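Right after this note come the structures.
Each of the two complexes below includes chain A, the first together with chain B, the second together with chain C.
So, the complex of A and B:
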């Protein structure tokens, strides 16, 4: 009984957290829209490299410009999902462990991961999801790709699984804050590695490809999910493994979090 | 600046220096971050050059050097004056700076200078050496190129400091300070020439960029290092870089004087 109603209760709580946050955020409408524009400028800037550099060359390692736009555009969707939900993780060590807010979290009868993840959102990052979809649609038209209902469904599930992989990786890294006491933690360099997964995996050396697939599985969040849509049958196996990798990553992250919480002792006073 | 202003400025530089020493764990994380950034662009450029021997007049080794030099000096000129101002406003610490008998901009810039001087020795230099060992980086084009590059890199610091001071003052007028600062960070990486050599931009963007201060942050020092610009052209770029820096520092003073009247101090 506890399991079923627990899930439903958390789903309801999630809805409440989200609508509450959105209401507060939209109260300052002009400010919210300027945040969306700022976020879009950031997305555009990171896209600029691809557009400027790769529009000059016909193909890179058999990847056409439009295919790379598809890949990069696709990657913006899980990155957007990740940014919307994981905003709080960046401040976890500082706000929760060092300032001591985590005590309050532990006192409530709701899972601590749940509270930390969903206490605040980065709503403006929805812009990244929209930009990604626009880029994918543009590239699909140019490449004359056709999507039936099944493809759209797969696309949606795979993009979401990609978002789960990103969230799981950074949740796991954030959990190390229970052991490593520092405001910033070890996430920043890994965050920079995210860019690796947004370009065709084939441009890298074998050891980089291995690391991106099996050590920090960024390739499963952005590169492999596009393989089927771009008709790269050589990555078929990895494509179907995406939801599995998402589930495994999340389990590892949650286990790490759990043992971190068990180790937690308050900052005191 | 007169001699009386220099002494307190040096003290603030010293304090900035000591503050950085306090966070050692971040050091290794920082080094790794820079290595990964260079690695990403190394692989991408290698793939691009497979199809053409030169891109905007640069060979692959030159492009790798451009990337390596860019990220290395970024570890030096980078500062968080904007974030710092935002934090002071949010936490109500700005009042302290209003009652100090030292100019606020001077305090902020020299505090950052202390941190950058520290990083130059203990962060930038090791990063540069590790990058040079791991990637095929070329030496500077000549002794003159090296000297001009070093001067230009130092000016870059002041240029970034002037820009960040301005951005910080503008951002505190809005409620989404952190969003604006994050966007600035990503936009500047592109406009400064750090990620894309400015000469690679299609027209008319290239001309517009070269009429702005941004390429002088990263393109100018990196191009000087590579010997892509020499002689009179090098002198012209160095002059423009310095002129923009002075102009933006002056603009910062004006905006600061104006915003002083608008600031409401939070807290009791």
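So, the complex of A and C:
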């Protein structure tokens, strides 16, 4: 059976899955737009929090308000990418393992990770990407940062790598459902820590910094990628390591997933 | 001799689970030492299937049928033993292997629940890399034999069980697989839908030489479709051979159940070599051996002797067949 080359075939399948989902989602337009607005209000609330903190303290350990906006705005982009693409993982244990949809996934000649990730999306989280870009542009103007073409390219790749890091961490955590049979799993408590990586790392104690970099590398998804753009040269090494961390996290997650699938024991019938 | 399309040897699947004991003390103890229980769902099963065969895989509930199918389709990894299907080791070469098989689980649809059936088919067309030309021809065939065009534009969740099963069958064959696995394909279907599904399977088998392995609870599926039957019980292979030699074990199990107005005396329950047994108040059953007496003459006897208010013929049950194989062996 002819199946085209790997990457092209998967790109085409991704397009199909996505358009299929988008079609179903946009059938109820009002519902979709209110979800976008709700998502935006959530983003706005977190910015309001930043604003309140800064109205009390003019600079947090050497960070100007605009720099914080740049950092937080940047972090919205990988977080948005993460939310758009990994939404289905929240339901994985429940829908796929306990309800048994995973059988069907395994019966198709497509990678199981690909299918589980892309059978559903969270389209309204595109809002967070857009808001993030707007915030970054605003902060850059205020900070008189200039971007040439190379910077824009770096920015795009680094933001995407950040999204990949979040997705990889979540994927790895979700893969543990193959061992721990539980509806909720261990992801939510870990993901509550995600916020920490979205503030300047320098405000934390050394052990927190270490944990956010090398235990659960949230800092590589949002703090380190901004270091170069904000001229924080002390984090230069970490900045260039971002794509590598993304690749390593993804490899670990995929390996975990693969050995989880081999352990899968389906539901009885 | 052609190479067998399915080769299974020494296939075993053991499920491990930890027994949970009651009470706090036991729960604490289990933190230190957990009591592990092992259940062999399938043990040491060996068989081969030649291309073009239609084989019935039967057994009581929990006998290990579904577990076997799930290992054959690459969903479950065997604990030990070997499987080679279409030249692949299912759990090892999963993605390449499943492109060469079709699978239908009667209890659960393989289609996307919320989108129109035709959209599911289009996705499957891409997933399996079916050409436009082949796709068109395939869909035309499915419509002729299964009449699926009538509900192609409905989402799966709005279809009746029979309609859904037709769509699932079509979906499993869209890429013209040489090997088809069916787990309870007629479960819950009415008589018309059942006949329709069976005809379709016969046609696919005849025209395309598709090899079929099916599990079922309905022995008439087996009688119409399969020349060969494999019986499994408690995970072990109990019988593997032509249906003809099993037929003698299946037919005798028919029983006639009838209700009466007035409860008969004990002596009246024995007549013409038949024995009625009471199964509920005013309800009796007569097991008949169809090698000796037809169902029709048994019914005539019963109606003549008793004041019957209701009567039904119970089809042979797989559980009963399995029991008989144990009791009488296979000739």
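Observations, loosely collected:
Going forward, the second predicted complex is superposed on the first by the 263 of 269 C-alpha atoms of A that agree within 3 Å, B and C clash if a C-alpha of one lies under 4 Å from a C-alpha of the other, contacts with A are read in each partner's own complex, and residues count from 1 in each chain.
We adopt the following convention: a contact is a pair of C-beta atoms (placed from the backbone, for glycine too) under 8 Å apart; a residue touches a chain by one contact, two chains touch by 3 or more.
On a predicted model such as this, the values are computed, not experimentally measured, just so you know.
By the touch criterion stated above, A:20 is placed in contact with chain C alone, chain B being left untouched. Applying the stated contact rule after C-alpha superposition, one finds that A:262 touches chain C and leaves chain B untouched. By the touch criterion stated above, A:35 is placed in contact with chain B alone, chain C being left untouched. After overlaying the two complexes on the shared chain, residue contacts for A:49 are found with chain B alone; chain C is out of touch.
Within the superposed three-chain model, A:126 lies out of touch with both chain B and chain C [touch as defined at top]. When both complexes are overlaid on chain A, the residue A:143 reaches neither chain B nor chain C.
In the superposed model, A:113 lies in contact with neither chain B nor chain C. With both complexes superposed, B is the one of chain B and chain C in contact with more chain A residues. In the superposition on chain A, A:104 makes contact with chain C only, while chain B stays out of contact range.
Listing the residues of chain B that touch chain A in their complex gives 23, 25-26, 29-30, 32-33, 35-37, 39-40, 43-44, 46-48, 50-52, 55, 174-176, 179-180, 182-183, 185-187, 189-190, 195-196, 200-202. Interface residues of chain A, counted against chain C in their complex, comprise 1-4, 9, 12-13, 16-17, 20, 24, 100, 103-104, 106-111, 119, 262-266, 268-269. Considering their complex, residues 28, 31-32, 34-35, 38-39, 41-42, 45-46, 48-49, 52-54, 56-61, 124, 180, 182, 184-186, 188-189, 192-193, 195-196, 199-200, 203-205, 208 of chain A touch chain B. On the chain C side of its complex with chain A, the touching residues are 15, 66, 70, 73-77, 91, 94-96, 98-100, 103, 105, 107-108, 110, 112, 114-115, 119, 122-123, 126-131, 175, 183.
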